[in-house]
Structure formats: C-alpha cells, structure tokens
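Below, chain A partners chain B and then partners chain C, in two separate complexes.
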Partner chain A sequence: MKGSLTIFFIFVVSVAAMIVAAALFGIVFFLSLESVTAIREVGLKLFSPDWYPVWSEPDFGIRTMLLNTLLLTFWTSLWVWFIGIICAFYLHRFAKGKEKEFMLRILEYVSSIPSVVLGFFGVVVVGSMLLKFGAWTAQNFLNASIMLAVLTLPFMISLAYQSFEKVPREVIEGCVSLGAKDSHLMYVELRHALPGIVNAMMVVFNRIFGETMIVLMVAGGANILPRSFFDPVRPLTAALGSEIGEVEVGSLHYSSLFFIGFLLLIGSLLLNLLTNYFVRKTERWIKG
Partner chain B sequence: MKWLFRIVAYTVFVALVIVIVTIISSGIGYLLKPGFFTQFPKSGMSEGGIFPSLVGSLLLIILVFLITIPVGLLGTIFISEFAPRRFSILLQSLVATMNSIPSIVYGLFGLSFFCVKLGFGTSLISASLTLSTMAIPFFMNSAVEFTRAVPRELREGVIALGANKIQSTLMVLKASKSGLLTAVILTLGRAFSETAPILVTGAVFYATKLPSRITDPVMTLPTSIYAIVMNLGEKAQWMAKGMASLMVLIMIAIYSVVQILRRNKDE
Partner chain C sequence: MKKILVLVTVVFLATLSIAQTLVIKGSNTVYPIAQLWVEAFQKMNPNVTVTLEGAGSTTGITGLFNETADVANSSRFLKSSEVEQMHKTGKYFVPIVVAYDGIAAIVNPNLGIDNISLETLKKIYTGEITEWNQVDPKLPKKPIVVYSRNTASGTFETWVEKVLQGAKLSPRVQMLESSQAEIESVAKNEFAIAYTGMGYVTDKVKALKVEGVEPTVQNVLRGAYPISRPLYVFIDLSRFGNLWPEKGVVAEYIKLILSPTGQRLVRQAGYIPAYGTGD
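Presenting the complex of A and B:
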C-alpha cells in the first residue's frame, strides 16, 4: 500500500517536471510553426530594410529594426557593464557598514520597479528633460538607453558584487602583502571574479535584448537608422509589441511578426549557450 | 582611485534614488483621492478610479498562483529529490534557459497556443496561463536552490529513522520553508509587474464592467498604464501616475517582506 502511494507520488512530480520541459519545446515548436508561412512566402526579403506590413504591396523587411536592436543593445550594455563593475567594486572594497546596507537595499528596490513604470517615467520625466537639452523628439535612442540602464544596472551591480565577494581572502591578502595598489588589486580581483561577472554581463545583455515595454514606450518607433543619439529608433521588440495586438490571425503580417519572435528566441538561446561556454572557460582559467 | 569610484557610485545611486522617489511622490497624492480605488474610470480615463484594473490584476495573480505554485513545487521536488543526478542537472539548465527567454516571446507562444489553438481568445485564462508558463521556470529556478541547501545529514538522518521517500520530501519542504516562501512571493511579484505577455494575450484597454467569466478579457494595472501613456492625452496622465506609484509601493512592500524573511533565516 505504502509502496504504490510512493510510486503515484513519483509519477505526479515527474509529470510536473515534464510539463516544464514540454513548455520549452512547445514555445520553440509554435513559434517556428507560425513563422513558416513568412519564411516560405517572403524568403530572404525578410532581411530587406523596409517594413511596410499593411501597404497594398507590403514589405516585410526587418533589417533596419534588427540593426536598431543590436545598436541599442550593444551601446547600452557597454556602459551598463562599465559603470556596473565600478559600482560593484566600490560596494565590495570601499563601502562600509550602514552605507553598504543602504546601497544594497536601494538596488533591490530599484530592481523591483516594473518595466512599464520605467517606460512611463521615461516618457513623462526623462523625455521632457531631453527636450530641454535640445532633442527634437522626446522619445529617442538616448531616452531608451537611459531607461534600459536604470532597469538593468541593479542586476549588473548586485550580480557583480556577489562575485567580487566570492574572491578568496587569501588572494586579496597575498596581493596586499606584496604591496599591490588599489588598481592592481582591482585587476586581480576582476580576474578571479570573472566567471560571475561574465555571467552578469550576459544576463544584462539578454535582458536589454528582449525588453519590450521600455523600447515600445520611449524609443520613438521610427523605422530608420539613427544618426545621432536624439534620433527615434524602433527595435524588433517594439514592432512586435505594437503590432501583434491588431493583426489578423494567420495573415502574412502575423506570420512575419512570429518570425521576429522566433529570431528573438533563437538569439536568447544562443546567448545562453555562449554564456555557459564563457563562464566555463573563465572558470578553467582560475582553476589553472 | 577610491574617490573616483566613490563619485561614480554615488552619482549612480543618487540617480536611482531620484527615479524611485520621483515615481512614488508624483503619484502618491492621487491614491488618497476619494474613490480612486473603488470607482470605474470615466470620460476617457480622466476621471474616476482604477477599480477594474485593480480587480483584474488581483484576479490574474490569484489564477497565476493557483497554476504556478502546485506545478512549480512538484517540479522542484522532482528535480531536487527524485531525478537521477545527470537528468536533474539537465532539467535545471533547461529551467535556467527558459528563465532567460524574453517575456514577449512567451506572449507570442500564449497567443498562438492558448488564444488561437485552444480557442480561449483574448481572455483572463489565456493571460494567466501565459504568465504561468513564464512564472513556473522562474519559481523553480530559485526554489531548487533552497531545497538543495537542506543539508545532506538531515536527509540521511530522516531516512535512517525509517522514513519513506514521501516523508523525507516533506521534511525537506519543511526545512526550506522560508526560502520557498521567498520564491513564491518573488514569483507573484514578477507576474504582477510583467506587462508584455498580458498585453498580447488577455488585456483590454477599457472595460465598463468587471470580467464575469474566465474567458472575458481584463484590464490590469500595467496594461492600463501603457494604454494611458500611448493612447490618451495629458488629462488622463494623473491616473497613470497614481497607478505607477501604487505598483512601485506594492513591489517595495514585497521586497521588504523578502528581506525580513531572509534576515530571519540568517539568524
């Protein structure tokens, strides 16, 4: 009697785990299924620059939007990484007691702000501020970049901080006793914390890459390549978010939007693999 | 060097504090307005209150809770207690991968599967199923860490006392209770603040009555903020400000509870 109950229990828990695994395959399956029409009918023209999905002779080219996504993601990631590592090192090395506690708490609260609220803040506050500084439109590349940074900096700082904290004491003490200055110390600690920091960098990159609400609200939505920081842009996720609600199910437009989603999915899965690869590689360096 | 770092760090932190304080303070006054929580929005959302959005968000969270926590908890038990070692590692990396997929992709999946294939349409149930698809890996990702953290000796001790697999599992759940509670709260917070999937699968921007069946579409707080900013003019903006500050206050409350839980565990 007891035995059959246990077997039933094992059955239930394994089914629950299988549901999760099935969900991932379901996501890949449904996104590729829905984008087949676009791939078959539009073909390589999907990568042409013009996106006019509802014209009488529609164009479904995503190249401009893809470049916008890449530009915005790389640029924002770069300065979030840089500033994030500096702040994390400050927290780890110089901040003391109450100051540190307060900063960590602020990070946690800021990381909890919903992205739609940040988008709203970007439209209302940052937008009007940028207009005063000479931007010709309130929603632009710089605005999106700033709000994405506010969204991701807390993750970057706290993840990098955690990996700095894991650097063994002996390494630091050894450095100090050899007479290392702060800058040398930072270099050594950075090398040792590298797996965690690479992971944090990739998390941030992935988050910016897939973020929808902020770019939808503050990036401006113009399908052009930006020439300055004040130009409006339209990344892939913004097109998805704004058009998927009003499209006819099963049409070519619907299908090409799913193709965009499919690209995002593939991109984030590849990023994940890359992250694992780099983390493992850097870990190997530390172990020697 | 120390001072250079200090200047950079202080600038960043002051900016972050300004963001959070501005969001809260610009809207907190409206929360005290009579009827803000109990009235329907009127005349193009420039008057009235946020009642339907609040109820919609609440219903959504309740449904997500009912779907996510049982499945997530059972899945966690399988990964940490029953699965063979290699399989468990595989499942864990699968869950971590799912956790990093952009939320709009879950929205598309929900649209294609729940709304169109299963025929639920734009509805409360599609939205909550879609959110759950996203929330379950999120929950499992953090919950597994807590059940893993239960020391080996405890498990072995219970088994040595003659407990079977179910009893030892219950012991593990009991021992990681506060951690699991943290995971539940964080998951619900995540589901509460996520916008893109609901926007695609279950939200309407304006409704004159509450959803009466689970196949009705809903208004929620995040999608209402989006709708006001994108579609309505300056006149309605106060309502978005109120909702934004309400959402941030709720999230801060959630994280404060988590911090208290964490501190209790440390002591």
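Presenting the complex of A and C:
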C-alpha cells in the first residue's frame, strides 16, 4: 500500500513538472511561430522607429518603444535599487522593535496592491501633482517611474532586508571586535548579503521590464523618445497590452505584436539566466 | 463515485444547454447604449443570461466570426477584408443602423477657444501645429497636449477617416485606453485636446464647434456636423439559415432595440436615435 502511494506521489509530481516544462517550451514555441510572419515580411524594418500598425501603409517599427522600455526600466531600477538597499539596511541595522514591525507590515500591504490600482492612483493623484509642478502632460515618464517604484520598492526592501538578516552574527561581531565603524560594517554586511541582494535587484528589474498595466495607464502612450522626465513615452508592454485585444488574428499587425511578446520573453529569460549566474558567482565568492 | 461524477457532468451539461445566453461584444461607443438595452432586456427576459463587453468594434466582428458573440456592436461598417472573409467562411452579417453619433473635439473649459476648423484639427493631430498660439494668436504660447483613443477603438478609426483623411498621427499624440480617461485628462490639463463620442461629453470639458457647427442632436441629424457617423449592430444571419430571425433570444433583442423603448434608451445614453421614439 505504502509503495503504491509513493509511486502515485512520484507520478503526480513528475506529471506536474512535465506540464510546467511543456508550458514554458510551448509558450516560446507558440510566440516564435506567430511572429515568423512579421520577421519574414517586415524583416529589419521591425527595428525602425515608426509604429503605425493600422494605416493603409503600415509601419511596424518597434525601436522607439524598445528604447523607451529600456530607458524606463534602467532608470527606475537604478533608483529603486539604491533606495531599497538603503531602506533595508536601515531596517536591519537601526530600526528596533515596534518601528521595524510597523515598517515591515506597511511594506507587506503596499506590495499587495494590484498594479491597476497603482495605475489609477498614478493617473488621478500623481498626474495632477505633476501638472502643478509644471509638467505639460499628466501621463509621463516620471509618473510611470514613480508608480513602478511604488510597485517594486516593497519587494526590493523586503528581499534585501532578508538577506541582510541572514548575514552570520560571527561576521558582524568579528568586525566590531576588530574596531570597525558603522560604515565599514555596512560594507562587510553588504558583501555578505550580496547574492540575495543581486537576486532582489534582478527580480525588481524583471518586474519593471514586464509590467504592463502601470505603463499602459500612466506612461503617456506617445511613441517618442523622451527628452525630459515630463515627456510621455510608450514602452513595448503598453503597445502590446493596448492592441493585442483588438487585432485581426493572423494579420501582419498581429504577428508584429507577437514579435514584441517574443522579444519580451527572450529578454526576461536572459535576465533570469544572468541572475542565476551572478548569484552563483557571488555565493562562491563568499564561501571562498 | 464514478456514477456520481457522470451524473454531475450530465446535470451540468443539461443546465448549460437549457439556460439561454446572449453574448454581445464590440464598440466602446455603443457600450453605454447597449448597457441600457441589456438592462431593459433582462427585465423582460429574466431567464436569459446576457453578457456585454465593450472593447472595440473589431472585437465584436471578430466575435461574430469565431462564434464567441451573438451580437456585435460596431461604430463602423465592415472593412473590405472582413467582407472578403465573410464570403470565404460562408457567413452573412447584417448591419442594423441603431443610432447616430457625433464625435466631439473636446478641450478644457478654461481654454479661450470655441470654434475650430477641420483643417486645424488635422494639423494638430498630424503634428504640423504644436502650440496653441498657432491655432489662434490670442491663445497662450503653450504646447498642445494631444490625446487620442488607442488604435483599437472605432472612434479612432472614424477620426482617422473624417479628420486625418488617412494621414498619419504625429508620434507625440498620446494614446489613451478609454473615453473616460480622455475626459479626465482634458478636464485636468488646461492645454489638452481630445475627441470622444458626444455621449461621453460632460460638464468637465468643452465640446468645440467644428467649422462653426455645434455638435448637437439636430446638427448631426441634419448632416451639418462634419464629424458624425452611424452606429451599427451586426448579427450573423447564416446562423439562422440565412433568414431574418423571428424567434429566439437574438430576435427578441433586436426587436427591443429597434422599438420606441429601445430608441428612447439611445437618447438617454446621449446619442441620436435612428428611428422613432414614439414621442
């Protein structure tokens, strides 16, 4: 009886694993299959700047949107990383008892807000505020960046905080007994928490890279490269989210949208591989 | 155990086939009218499950093709590609004009402009004009914040056809996902301009006269207002043996929307009835 139960369990687990693997390969396969038409017919023009999908002489260039995605992701990630690590270090090192508990609880609540609510908040509240500060349009690069930061900061802080907490006591005590000051201590702890922090950074980066609802609602939807923080932009995910629901199945426009999806998926997969590589490398470094 | 499972499946399938459904998909512009129609329809036929989606005219017609919709709302006629596909697949979609809609160009109420020409509108949307003082020297020298609906909406298609005459939008134009978002954005930004179906215009924004003609019911019916169009409901006759449906859910629904009651609801939603309202 016990034997058959074990066999059954192994069967269920392996089937589940196979389904997941098949789904992943299926998605990659399906996306690449649907984008073949665009790659074949539009070719290198897919990387031209103009995106006019529904005109009688259509253009399917995604360069501007791709650059917007990269700009928005890098810029937002940078300041989320910076603020996130500092906040996490503060929570780990200086915050005590009630304060720490309160902060962590708040972060938990914020991280559970759905992105569509954040998008709405961005349009209604942040947009109006930016207009008062002299922005020419309410939906713009800065607005999207702020809302994306609100979305991802809780992840960054709590993940980084957990890795700080995991730094062994001996290391800290050893440092202190050698006469290290707070700044040195921060450096040592940072190096020991590095694998976890790199992981957190990559999670945040990936999340911003793929986020759709917020950029759809607050980034502005103009297919231009921003010259200032107040310029509207349109990242790839926004175009995909806006147009895929309506597009004629099998058309060139449809295929181009799948090409965008394919590109995003590849980017995301590469980032995951890169994360694994970095985390392994830093872990090895710590173990010596 | 097995018997119970089979029984449950049978009962489930039976209820599925007995319960009548009506799936309506399509234009955002027709959506507010369709909401009122559906409400009235459900009061008359409480045992029919009606689902209504408003995500753009193309979704409705696509829904008719792949049989995920019974009725398609549309703010445009069939495209030639759709007519071809219709012939190829042996389907037969019938257009029913149910209302008329004027598209209003809207600006912030605080902006000192009341009238605009089609020519200027085109220049604004193609990016030839980028500042308000180029429209009228009395207006402030501020960048025009141009909003448009996303490419999926029927309003967008009509705008491209009637105002842009096929020209390409300036890339600076900001695409918004809903008419509501356009109203909100224009209400908040003093130097914004957008366009929306007349049914959506509220007190928060100012609808401009186009070529000196106000976007009103009378002007649209007279054909004087230049940016107006009929709104359609499509049904697929090939599902009824290429005959006009006389009985069934779809037939009842069509009867309702063309009746004076249904046409009064068109007016209630802010559009212009295509048929008599009985008063």
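Please note the rule applied: the second predicted complex is superposed on the first by the 275 of 288 C-alpha atoms of A that agree within 3 Å, B and C clash if a C-alpha of one lies under 4 Å from a C-alpha of the other, contacts with A are read in each partner's own complex, and residues count from 1 in each chain.
Methods note: a contact is a pair of C-beta atoms (placed from the backbone, for glycine too) under 8 Å apart; a residue touches a chain by one contact, two chains touch by 3 or more.
Note that this is a predicted model, so its numbers are computed, not measured.
Using the contact criterion defined above for the overlaid structures, shared-chain residue A:Val36 touches neither chain B nor chain C, since it reaches no partner.
In the superposition on chain A, contact is made by A:Ile224 with chain C only, not with chain B. Once the two complexes are overlaid on the shared chain, A:Leu270 sits clear of chain B and of chain C alike.
Contacts of A:Asp50 after superposition: chain C is touched, whereas chain B is not reached. In the superposition on chain A, A:Met129 makes contact with neither chain B nor chain C. In the superposition on chain A, A:Val249 contacts both chain B and chain C. When the two structures are aligned on the shared chain, A:Ala22 is found in touch with neither chain B nor chain C. Comparing chain C and chain B on the residues of chain A they touch gives the larger count to B.
Once the two complexes are overlaid on the shared chain, A:Thr64 sits against chain C while remaining clear of chain B. By the touch criterion defined above, A:Val176 lies against neither chain B nor chain C after alignment on the C-alpha atoms of chain A. In the superposition on the C-alpha atoms of chain A, the part of chain A touched by chain B in one complex and by chain C in the other spans residues 123-124, 216-217, 245, 249. Every residue of chain B that touches chain A in the complex is listed here, in rising order: 1-2, 5-6, 8-9, 12-13, 15-17, 19-20, 22-23, 70-75, 77-79, 81-83, 91, 93-98, 100-109, 111-113, 116-117, 133, 136-137, 140, 164-166, 169, 189, 192-196, 199-200, 222-223, 225-226, 229-230, 237, 240-241, 244, 247-248, 251-252, 254-255, 259. Residues 55-56, 58-59, 62, 81, 142-143, 145, 150-152, 157, 160, 166, 168-169, 171-177, 181, 184-185, 188-189, 191-192 of chain C touch chain A in their complex. Residues 50, 52-56, 64, 123-124, 127-128, 131, 136-139, 216-217, 220-224, 232, 234, 242-243, 245-249 of chain A touch chain C in their complex.
The touching residues of chain A, counted against chain B in their complex, run 2, 5-6, 9-10, 12-17, 19-21, 23-24, 26-27, 30-31, 33-34, 83, 86-87, 89-91, 93-95, 103, 105-110, 112-121, 123-125, 150, 153-154, 157, 181-183, 203, 206, 209-213, 216-217, 237, 240-241, 244-245, 249, 257-258, 261, 264-265, 268-269, 271-272, 276.
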